[in-house]
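We call the chains A, B and C, going by the order they appear; numbering starts again at 1 in every chain.
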Amino acid sequence: MSERRVSWALLGPGLLVVVLGAAWLLPELPALGLEASDDGAPAGMGATFDELGPDPLVLVGFDADIGTYAEVRPTVRTVMADLLARDARIAFVSLTVEGRAVALAEQARLERAEANANRLLDLGLIPGAEAGLVDLTKGIRPGENPTAQAFAREVAATGIAAFDAIVVVGGNDLGPRSWIEQVAPRIEPVPIVAITPSVLLPEVLPYVASGQLAALLGTPRDGAAYRATAEVGPLERLVEPGGPRPLPVLIGLLVALGVMGQALVVRLIGATRSLGDRDDA
Amino acid sequence: MPSPAELLGRLVRFIGEVLGASSLRFEVGTTIVLLGVLLVFLQLVARPVSRWVTADAAGLAGVGRAMALAAEAGTDAVVSLGGGGIIRTTDALARLQTVASLPLLGHVARAAARSGVPLRVLVNDPIAASLAAATVDAAHVSTATMERQGRTRIVIVAEGRPAIAGLAMTTRARPAAAFAFGSLREEALLHLDGLRSSAGSLTTASAEAAQAPSLRLGGGSALIGPELFQAGADLRSSVDERTMVIAGNRLIGLAVAAIVVGSVLALVGLVDLGAILVGAARG
Amino acid sequence: MRRPTITGLVVVVGLLLLADLLVVNSALQDVAGVVVDATILVAAGAALAAGAALVARRLGDLWRRRGDPIGALLVIAGVAAMIAAGLRPGSDGTSDPAVQWLLAALLIPIASTLFGLLFVSTIAAARRSVATGSREAVVLVTATVVTIVLLVPLSGGIGSWLSDAGGSVLGSAVMSVFRGLLIGIALLGAVYAARTMLGIGTADE
């Protein structure tokens, strides 16, 4: 590799971080926006929540991946606020250690923001991967929950049948697919919705088409559109102030376009030249 | 003492009571689809008659040459069994990929054993480590190279996918050949980039659909999607491996037929085959 | 060579769980429940054993002065810090502020940074693939460039058009390819699992 290329390879990523950081500090540009015009996904999530009825119980399967959680975090917090604004009671359960760590952090955040503790239940970590999911369908043991004892008693008595909906926060090894495969066939039909990073789209999008997932927020655009339309009322404090900024996203996209486009153009020129040489020969 | 006829009668009544107390969890269509996989497979096990054409999509059959070059250079070869593991908290497909990677590890281990090339196997799970160790030991036994057994190392990286990717990215080793078989998810490109930058050649195999582009971009030869499960049949002539692939191909043919027929039926408005197959559960 | 007892156990447990999935029967459910509970206990025990084995191995590496001593020290220090934070007298366990701080200040930034590197790795890998001349890579990167253009976050009419086009590309063109891949993986995976469950063949020689 030439010296110039080595310099670009070493300096390029650092320069990119500096530029992105600077773009983050600039004010919003009206010409840019992450909200998609096709509001099918966020509308689907809203419609699913609308159909839940009064005082619903919602089971949140919280198995986010630490590395990709930053992409879905604003959307997850908005969904939690939306559910609490609809007077839902939320029970958190995790099947992975990373998911459990993030779930604890989110519950601690809700506590600090003075969310109604009677409406939050911690079901802990269930080990055993799919066996744990199957066990969840047979019975739920809430453990110690001093602030939500009535909620805990109701869940312990009825098990998973107590819940009116399941929200799966994916990203980790066990996500919406595992819930659909292991839980959905074993319980009475309840809507299962998912919030996942875009890396999982190929796996979860077919479940939306087949109706096994009632709704999915799987891209930053869907998340932005949902956040723009969700009505959380007085629970604005639970929502993350501001989501991903479109300008850094645009810069990232342009850098990717530039690097890949340049490679394609060079390849095209090379192919054209070799064709020309062959013709001359 | 009851007579044989009475015993038989009691048995039939017992079976009847058990059946009477049971019901199908899914709709009939879904149950038949689930059983169909087993039935097609079992039918083929009973009579595995079919022509076989070796594909060798990733050039694994030529790994012996890579090992010979490694032996000349005096370097080792590294095999990563991905981030799925066996006992760690991951889904069944990831675990299945780790199990399906063992024949590929066996193939590489036999080539390495014949050439006297030390092997480094990266895993993130003690159970996967013991399976990998058993596979490598079996390779040495089958090639009568027990004296070289001690040169192979099984490295348990740590819990979690980022750990194994981080190790691959930061290693200072320069193996002659690198192989990555198994479940590779979000960390796939980091993992493969780390292996590719330090190794002379890279061969990958993973059944993670979302990471198919990463395997293509990672460089070297790649087995994507179902090819991981099929590769063993191309490397070995064992009947059950090939039977499995033949059964899989027949089921894929059935699935394609069901999609085409179902699409036509849905388009003309006769019946929604998809809804029948997805079905609904009863408790 | 697989031992017959293990093969028998796999066959019995596998068929039992498959039967419990397909048939609703209270007696079968109870038996399957016992097996599932045993699986959970084994998984939990194995997770603990894996952690202990990792620490023991790193301690052994340090004692025998082999491998990466700094890496071994960091692993042991990290495990010790987390255990001390979570299990010290008076701690709230996983909810303890010290544990939360270790997660928020160390683990989450490190993991997020690692995945942030994916951006640079992916475009570098794309560039490299095109340069090596593989036809598949050229098609893949060309499709990526087109998709990225559709993802540009513009507001107004152009943004709406781009978003709608992106949705069509994702929902139809891209997903049709992935559906085929997913069906192939699912069927081959199911057959491989059936083979393993029925104890046909061995995982290795």
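Everything that follows uses one rule, which is that a contact is a pair of C-beta atoms (placed from the backbone, for glycine too) under 8 Å apart; a residue touches a chain by one contact, two chains touch by 3 or more.
Nothing here was measured: the structure is a model prediction, and the numbers come from that model.
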Chain pair with more C-beta contacts, A-B versus B-C: B-C
Closest chain to the centre of mass proxy, which here is the mean CA position: C
Chain whose Cα centroid lies at the greatest distance from that of subunit A: B
Cα-centroid distance, subunit B relative to subunit C, in whole angstrom: 15
Averaged-CA centre spacing for the pair subunit B and subunit A, given as whole angstrom: 29
Residues of subunit C whose C-beta touches two or more other chains: 21, 43, 47, 111, 114-115, 122, 124, 126, 144, 178, 181-182
Multi-partner residues of subunit A (each touching 2 or more other chains): 65, 67-68, 127, 129, 185, 201-203
Multi-partner residues of subunit B (at least 2 other chains): 25-26, 89, 92, 159, 162, 186-187, 209-210, 283
Complex interface listing, subunit C residues touching subunit A: 21, 29, 33, 36-37, 39-40, 43-44, 47, 94-95, 100, 103-104, 107-108, 111-112, 114-115, 119-120, 122-124, 126-127, 130-131, 133, 138, 141-142, 144-145, 148-149, 151-156, 159-161, 163-164, 167, 170-171, 174-175, 178-179, 181-182
Residue numbers on subunit A that touch subunit B, as the complex places them: 65, 67-68, 95-98, 127, 129-130, 173-174, 177-178, 184-189, 197, 199-203, 210-212
Of all residues in subunit A, those that touch subunit C in their complex: 12-13, 16, 30-38, 40, 65-70, 100-101, 104-105, 108, 126-129, 131-132, 134-135, 138, 185, 201-203, 205-206, 209, 221, 246, 249-250, 252-253, 255-257, 259-264, 266-267
Subunit A-touching residues of subunit B, taken from the complex the two chains share: 25-26, 84, 89-92, 94, 159-162, 185-187, 209-210, 274-275, 278, 280-281, 283
Subunit C to subunit B touching residues, read off their complex: 1, 21-28, 43, 46-47, 49-51, 53-54, 57, 75, 111, 114-115, 117-118, 121-122, 124-126, 128-129, 132, 134, 136-137, 140, 144, 178, 181-185, 187-196, 198, 200-201, 203-205
